[in-house]
Amino acid sequence: MWKYVLKKILLAVPVLLGITIIDYAIMSLAGSPLDMMVGPRVSEAALASRAAQWGLDQPVYVQYWNWLMELLHGNLGYSYKSYQPVAELIGSHIGPTLLLMGVSMVLGLLIAVPAGIYSAVHRYEKRDYAVVSASFLFSSIPGFFLSLILIYFLNVRLGLLPSSGMSTAGTGGDALDIIRHLIMPSIVLAVGVAGGNIRYIRSAVLEILEMDYLRTARAKGMGRKIVIRRHALRNALLPIVTVIGMQIPTLFGGAVIVEQMFSWPGLGLVTMSAVTGRDYPVIMGVCLLSAVVVLASNLLTDILYAVVDPTIKY
Amino acid sequence: MIDEMAVLEVRHVSKDYRISGENSLIAKTFHAVEDVSLSVRKGETFGIVGESGCGKSTLARLMVCLEKPTSGEVLFQGMRMDTMPEGQLRRIRPRFQMVFQDSGSSLNPRKRVQDILREPMLYHRIGNRQQTDRRVDELLEMVGLPVEMKDRYPHAFSGGQRQRICIARALSLNPDVIILDEPVSALDVSVQAQILNLLRELQEKLGLTYVFIGHGLGAVHYVSHRIAVMYLGQIVEYGSSDELFDHPAHPYTKALLDAAPVAQVDARDRIRTSLKGEMDEEPPRGACPLFNRCPFADASCETFENRLREIAPGHFTLCSRAKEA
Amino acid sequence: MKHKTHFGMIARRFMKHKMAVICLVLLVILIVLALLAPVIAPYSPTKPSGKFSSPPSSEHILGTDKIGRDMYSRILYATQVSLEVGFLATLISTVVGVVLGLISGYFGGAVDKAIMSFTDMVMSFPYILLVLVAAAIFQPGKWSIILILGFVDWPGVARLVRGNVLSLRETNFVKSDITSGMPRRYILFSEILPNTIAPVLVYATSVFALSILDEAALSYLGMGVQPPTPSLGNLLNGAESLSVLTGKPWLWVPAGAVIILLVMCINFVGDALRDALDPRNE
């Protein structure tokens, strides 16, 4: 079992490396961050010295190599804008993003799983169509649009919930306050999560319901609900598990936009400003982190697969 | 021995597959076919029989050059097939065709029957558009299918009918040899008989040579002139069909015969040869492949040279204890 | 007795999904309207034609924006642009994905490994990051977005096609072609490709839907289609300001509604298409 895990990790490393190379290549095509600094008050000499300081006067692959070497020493570099260590920058902002993503995921699944099961059980009835249509609707609303609508109704019109930041300025930011700020952004993300998953879970449950061994159980006289609860649920575990793994990259993408909309102080916000400001070290840091997260969640999914499904040989 | 009348021959072919366990970093080798030599004579039906996993399908694939042997030679009309360059091989392929077990997956579900039959003929320039059209009708008649159905899709036909289409396709290129890999195993018993009779008719009419692979000794015996019995990748016995049926010279052949359900009431008391245990995962090295399960095995079987012996004219066996006739 | 053609069977199965049929009709109407924008738009989408920010009236059915441009015309053109971006991005990623998937699946070996490693890399990459970075880098605009989205979406198609090719390669009808001596290009184009198109088509509809959503998001953030060219995304940009958000719904709600409508219809159609093409239903 551990050899399996090790093998997967080893396979992931070159992919990770490849991703960082692609990242760096794309970024360097962008143009130098120095462009951002050009202005009437900045002299050529100042630019040149900055360039030397940041190593931007060297060819791209050298720059990449330097970055890689630093990385192996645990150093992610320093932001061009704020001179803060990238690791620190990421570290301080990752908490809110994780909170947002976690809550949204849970919320989304809380909606999707019962809805999917309900829909599967009442297959082809009107209720099924209603749920499936709702799921399509959820998948079709752009995140930023839903944010606008929620802000309009819940903040502007009704003044119920705050629409920016993670806590009200001035207060210490107690749990209740944070929760109030969390509600709208996590709803937006949860809707996206629910949308895709309702149908997925519905078809997974349908497949299980149709399996022969369940028919045998029903023939034995077991009540329908018991059959569903005991047998179907256990086998539905597998697709649900994979679902969680697959959600993470998409969720992060949605989070970036939502954080913008609600000024949620998370990684997404940091990324956006880094991208527009061409803050190389920060961009690379975030890219690396998200690539690791994606690969890790793939690995986790594979491992959980192997654990839950006894037919997979490892 | 070199058989002058041989149309299709395999000489000492082996096929190994590498299976790597995720658990170990060492790759294990699976010997699907081990040192098999056969020659098929023109106009005969050569049957190959054995249980699942004995390597007969692999042997079929080697004979029709879908795969290359790990060692050994495959010859068609005396020409080396396994080393022939691909372009040349493709041109000769029409002369040895194959019919597969599962007729459902043997036909492209998105193509009409007439196109399935016509396209290879057109490619090999067997005729122009009109000629091939006529030939399609001829072929369908030959295998007993209504010509009007030629523009239907495969799913409109029953299993037996689809197998007839596959036979028609095999015939379309005017082959010398047709290799049939369990062509009737997936069909209902009544349909099986029909197809087997059709095959016999076609053989007489067109002078075809067949290699017939099956797992039921009864069916194979019915169609074949000579039979080879396979176990764990090796041939344990071969000879004329009747000879094998009446005087089996290897415990495995006996076991196969005895395992077949028999209708006669008095046969219930006959003494059956039964094998111990289940099929080995790995064959015992050096000895007869049946060594671990054979009820007659003794110490001499272990040291006996693993080679087919002729105990009667044309009748060969691997068993060290079979008595010469 | 006329037998059923393959296409006819599929169409018939599709028709059974009433919702999808309605959506297909709606979609066609929307597309036609969008394509006919130059003809039916009452005003120019880029030149002011009325008072600033006036609500819907008989002259301007959807009101005017802050520079006085007619919103209805703007939305028509915006729909055209968004559809164009979505369609072209889908086309590019599908073609690239199919070609790479075919090559990878059929030829196998080192070529397969190389292509698949590259695919893995692009796929493992957090989608949004790649898009954002690329969008910020290249001159923002319609074509950059099309190319970026096309580049980011092809791995899914390639994986799908490769999987199909691998399993089709093992089928007996492909093996029969080999034993019949048929050449590789015949097997690839006449046997394998037609059997792969169905799932690719279904996948392409979801890519199409996703592309439209992505373009909207990017244009909203200012990294997509640039003004004055209207796109459904950048039309929503105005809502950033509080006064627009609260007081002038006609400036942003219709655009959002159109996006939702388009994407929903495409999703429904795609879903029904998947059912209709499913060989298990035969």
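Things worth noting here:
Note that the chains take the letters A, B and C in the order they are written out, and that residue 1 is the start of every chain.
Following the convention adopted for this analysis, a residue touches a chain if its C-beta (ideal position, glycine included) is under 8 Å from a C-beta of that chain, and two chains touch if they have at least 3 such contacts.
Bear in mind the structure is a predicted one, so any value in this text is a computation, not a measurement.
When every chain is reduced to the mean of its CA atoms, the largest separation from chain C belongs to B. Taking the mean of all protein C-alpha atoms as the reference point, the chain centroid lying nearest to it belongs to C. Counted by C-beta pairs in contact, the busier of B-C and A-C is A-C. Note on chain placement: the centre of chain A and the centre of chain B lie 55 Å apart, centres being C-alpha means. The distance from the centre of chain B to the centre of chain C, each centre being the mean of the chain's C-alpha atoms, comes to 51 Å.
Our note on geometry: chain A versus chain C, Cα centroid distance of 23 Å, whole angstroms.
For chain C in complex with chain B, the touching residues are 3, 6, 171-173, 175-183, 186, 190-191, 194-195, 279, 282. Against chain C, the residues of chain B that register as touching in their complex are 64-66, 89-94, 96-98, 100, 102, 105-110, 116, 119-120, 123-124, 151-153, 155-156, 166, 169, 173.
Residues 19, 117-118, 120-122, 124-130, 132-134, 136-138, 209, 213, 216-217, 220-221, 236, 239, 242, 245-246, 252, 256, 259-260, 263-264, 267-268, 271 of chain C are the ones that touch chain A when the two sit in their complex. Looking at the complex, you find that chain A touches chain C at residues 14-15, 18-19, 22-23, 26-27, 29-31, 129, 133, 136-137, 139-145, 148-149, 151-152, 156-157, 199, 249-250, 252-254, 256-257, 260, 271-272, 275-276, 278, 283, 286-287, 290-291, 293-295, 298.
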